[in-house]
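Given below, in the form of structure tokens, are the structures.
The two complexes that follow have chain A in common; it is paired with chain B in the first and with chain C in the second.
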Partner chain A sequence: MTRAFSWLFSSVAFLSVLLLAGVFFRASLPVWQQEGAAYVTGHQWFYRQHQFGALSLIYGSIVVSLIALLLAGPLGLGTALFVAEYLPRRLRLAVKLPIELLAGIPSVVYGLLGILLLRDWVYDVFERFEPLSGDTLLTAGILLAIMLLPTVVSLCEDAFRSIPSAQRRAARALGLTRAETIWCVCLPQAWQGITSAFLLALGRALGETVAVFLVVGRQDNNLPTNWLSPSPWLQAGQTLTSKLGSSETNIAYGDPLHWSAIMGLGVLLLLLTGGITLLGTLRRNRNA
Partner chain B sequence: MRIDANMNSASLSVAFCLLSAVIASAAPLKINGSTTVNLPVAEAAEILRAENKLDIQVDTQGGSSGGISMLGDGQIHLGMSSKPVSDDDRQKYSQCHFKEIHIGEDAVALIVSKDVWESGVHTLTKAQIKDLYEGKVTNWKDLGGSKSQRIAFFNKEPGRGTWEVFVHWLYGSPKLAPQVNFPEVGGNEETRNKVGSTRGAISQLSASWADGKTVFALALVAEDGQPVEPTAANIATHKYPMSRPLFLLSNGEPNGDAKTVADFLLSPRGQDLVEKHGYLPLKALVK
Partner chain C sequence: MRKFKDLLLGLLLFTCTLVSLGIAGGLFWAITRRGLPALSVSFFTEQIRLVGADGGIFWNLIGTVILLASAFCFTTPCAVGIALLERVWIRSPKWRQFLRLALYTMNGLPSIVFGIFGFIVFVKWCGWGKSWLAGGIVLAMSMLPTVTIVLIERIAGVPAKYVEAAAALGLSKSQVVWAVLLRQSWGGIIAGSLLGLARAAGETAPIMFTATIFAGATFPRAIAESPVLTLPYHIFILAQDSFAPAVGTKLWGAALVLLGLVFSLSLAALPSRLRLHEESNV
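Here is the complex of A and B:
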């Protein structure tokens, strides 16, 4: 009986995800028909000319999320390590609780803080690189990093805690120091959990909208000449989510091709976040 | 057959009226659109809520275009727009009979940040603004500034009345405007804050929002070589070129609560609100 119900409900959940993806894909069909693969690889997004190339949006989303992960990853991992391995049991909650509370703050509040503090900070600190304003991909990345921190800390800490204490005791009995125990026992054991934490955080970063929208600058078609160069990070850009949140969604309504292009961005976002979150969850489950 | 069809349409329209009456009595009056028009309308709504016990929601999603598309789609009762409804929009929403209710007049100013103003840039010609918008000049030094400073142009996002008035003046029509990629800004508040806090910044903004403390409105050089500032007198006589009408939009003649709101804004008290927020009331306009 329980088994039947669990099958029923999981299939309902699964089907609704499929249905959602299907609806979005169907709504975006016209743009795939017109642009084909150029929809994903095209450099130009000019809706008045009916040119829809989403590459700069994908670039923006990926760069912003990677900056966020580069900052939040090491910091979050370090914090998790400290909380799980060094902190006495009684203090653990006192440190972990405030960090997890960060996860409950609505993203628009982060966005407003970003406008208030981060924009000016980035503008001043990087002044010699002459950013045109404080709204840059980097600003959005730093803001996202703060938002990702609770996710990374919490999941990494879980990974460390799931290692049986017997293993640590065995390592200590063999004469390893505490630091050596962490390097040789804890980190390798928790590695799968840590990477899954990073992937889940990345999935969250890609989907974040409001906070990014407020500080990313919303400049279309900003693609670097050199893909690996970080200098475009100090320019304004556009992400998939900031485009979807912009006034273009209102304008697109009523124009079938433009509307389908906007829906197509939804499909791309769904594929990116869905794929990465799925990867992260699979890794996590294999670990557990 | 004909009578039958008429009967049908008559009963349909009766049913529709009943339906809309039911919707109107049950749901709040929804108004959406331009942040520029929003200022007097939101205050009028405040007054009508208190005095007439009207249930009104005023929102500014998507600016003027948001107001037009949501009215065209039947999601709201009144739209707010700082641009006329274009033929394209009328075609797109052919089931909606857009009626423009003129409640006042506003001007679009080009505003600059304090450092630009202090470096001596107080006026621009049309040709200079074109070069600027097309990215041919990128430094204030080339536009009369005393020190070298990169130009940070914040473009009002497409669909904003402000942007449309700007390109209308510069290129004749939004469709003729070149495609440019600048960082985009949305509502008036955001525009003023960003320009005010960025060195070398310039953007288009409703003239009434140029406070002369954080952002400064440039004078435009007219064809006779004289600078024209966006003052009330210059807007009223259309000497200042970038002026624009402020509209309430309704589907056909407004009725019920929507009519109350429209009538209030056209009454002396409503017109005072228009003036209070820095726009020109109808009586100040020179026909």
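Here is the complex of A and C:
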């Protein structure tokens, strides 16, 4: 009886997730048939003309997440190292608690902070690059970096804590300084854990919707002419999630092709976040 | 030179920590300072007026509570089922690991995907329109992995000798489940659910297409076409539209209330989480 119910409820849960994936893949078929590979490589998204190229959305998602990771990664890694290797046990909680609390702030509140504070700050600081407004890819990236910080810190700290302290003592006994111990023992030993933390954070960044939606500017078809220069970061853009969260999702439902283009974005998002999270989790498990 | 490098790295890491702490402190200070002036008794008991510039957030709170309660009802049986499957019924380690991997991957799926799934299935296929029940189910899906993972940890923490003693007394497997495993780990169900609810309470993306509108809803009396007002969506809409100072204060007030709700849910889970580490598995 108990066993039957366990199986029943578990299969309800897992079947609904399978149904979710199935619905997304099935509904996105028409756009793949019409656009083919151009759906991913095309940069024109005009739904009235039935042109669906998602490249600028993919670009937006990747740029925003990379900016976030570039900022939150080193900062979080540094904090985690300091907490795990320098702080005495009693102080650890005092430092970790406020940072862990950051993870609890709902993303809509982050969005609000972004709109009312960060946006103006970005506009003022980068004024000489003449951004059109404070709603830029960079703003979204900085905001996301703050949201990722607790994930990076706590996963990296776990990785450092799982190193046996005998190894640290051995290194110190050989005459290595604290910095050398970190460099030669802690970082190599925790490397898998660190990369896993970064991957999991990246997965979270790619999937974050509401906070990004509020500050990214949501301008379609904005691809840079010069890919290497960072100045397009100061332009408004669009990400996969901000597109999915916009009112276009409501409008699209009546039109099969448009709807399947929106669903296709969902498929891309599922593949990206699912794949990266899976990779990160696998690395983490191997480490443990 | 080596000493100098040592010092330099220490300083660098210390600065990183200071910056992180500064960010955390700055954010909480920013929200609290702006939100506190809006809080009063009437802010909690009045309904929204003048597009958010006046009145309070009574129905938004009620709506959020309705969504959380229904999400809780859907998640709990599924979470218990999956956790028991992982701990008791599946014996092959390979499948166990597969199950855990599936849970962790599900945990990484973006919540907007669940929202659009709910939009297709409930709003369109079932023809419910925006409905509190759809929101509850969608939130349940997005919080399920969190709840299950906590519960699995908790059941794994039940000392093996308890199970052995129960088996020696001749209890069948399902009797062991009810009398030992679930009895010993019900704190985990509570803690996991509270953590999941804390996450769900702040979610906007899953409910914006499925369950919530900005104004004009009170207590839902049916399933179809009965949306609720919610706090996150309230903040989401006001943040985009309005720059009147009066709205600003109310907006920060709503953000502070939402933050308070989320933190009190996760704080309530803390005692039970801490006990987990005291019990050793001998």
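In the analysis below, the second predicted complex is superposed on the first by the 269 of 288 C-alpha atoms of A that agree within 3 Å, B and C clash if a C-alpha of one lies under 4 Å from a C-alpha of the other, contacts with A are read in each partner's own complex, and residues count from 1 in each chain.
As a convention for this text, contacts are C-beta pairs under 8 Å (C-beta built on N, C-alpha and C of every residue); 3 or more make two chains touch, one makes a residue touch a chain.
Given the structure is predicted, the values throughout are model-derived calculations rather than measurements.
A.B. asks: First (chain B), second (chain C), both or neither: which does A:Q49 touch?
C.D. replies: first
A.B. asks: Output check: A:V95 vs chain B and chain C. Expected answer is one of first, second, both, neither. What do you get?
C.D. replies: Touch partner of A:V95: chain C, not chain B.
A.B. asks: With both complexes superposed on chain A, which partner does A:P256 reach: first (chain B), second (chain C), both or neither?
C.D. replies: Neither partner.
A.B. asks: Is A:G36 contacted by the first partner chain B, the second partner chain C, both or neither?
C.D. replies: neither
A.B. asks: Between chain B (first) and chain C (second), which does A:P230 come into contact with in this model arrangement: first, second, both, or neither?
C.D. replies: Once the two structures are laid over each other on A, A:P230 reaches no partner at all.
A.B. asks: Is A:G78 touching the first partner chain B, the second partner chain C, both, or neither of them?
C.D. replies: second
A.B. asks: Who does A:L269 touch here: chain B (first), chain C (second), both, or neither?
C.D. replies: After superposition on chain A, A:L269 lies in contact with chain C alone.
A.B. asks: Please work out whether A:R3 is in contact with chain B alone, chain C alone, both, or neither, and reply first, second, both or neither.
C.D. replies: second
A.B. asks: Looking at chain A, does chain B or chain C touch a larger number of its residues?
C.D. replies: Of chain B and chain C, the partner in contact with more residues of chain A is C.
A.B. asks: Give me the intersection of chain A's contacts with chain B and its contacts with chain C, in residue numbers.
C.D. replies: Residues 115, 249-250, 253 of chain A touch both chain B and chain C.
A.B. asks: Okay, in this complex, where on chain B does chain A touch?
C.D. replies: Touch residues, chain B against chain A: 61-63, 65-66, 69-70, 72-73, 92-93, 150, 152, 154, 157-160, 174-175, 179, 181-186, 193-194, 197-198, 200-201.
A.B. asks: Within the complex, which stretch of chain A touches chain C?
C.D. replies: Chain A residues touching chain C: 1-3, 5-10, 12-14, 16-17, 19-20, 23-24, 27, 74-79, 81-83, 85-86, 95, 98-99, 101-102, 104-109, 111-113, 115-117, 146, 149, 153, 177-180, 182, 200, 203-204, 206-210, 214, 241, 244-245, 249-250, 253, 262-263, 266, 269-270, 273-274, 276-278, 280-282, 285.
A.B. asks: Note which residues of chain C are touching chain A in the complex, please.
C.D. replies: Residue positions touching the partner: 2-3, 5-6, 8-10, 12-17, 19-21, 23-25, 27-28, 30-31, 77-78, 80-82, 84-85, 88-89, 97, 101-102, 104-114, 116-117, 119-121, 124, 141, 144, 173-174, 177-178, 198, 201-205, 208-209, 232, 235-236, 239-240, 248, 251-252, 255, 258-259, 262-263, 266.
A.B. asks: Mind listing the chain A positions that touch chain B in their complex?
C.D. replies: 46-49, 115, 119-120, 123, 130, 132-135, 217-222, 236, 246-251, 253-255
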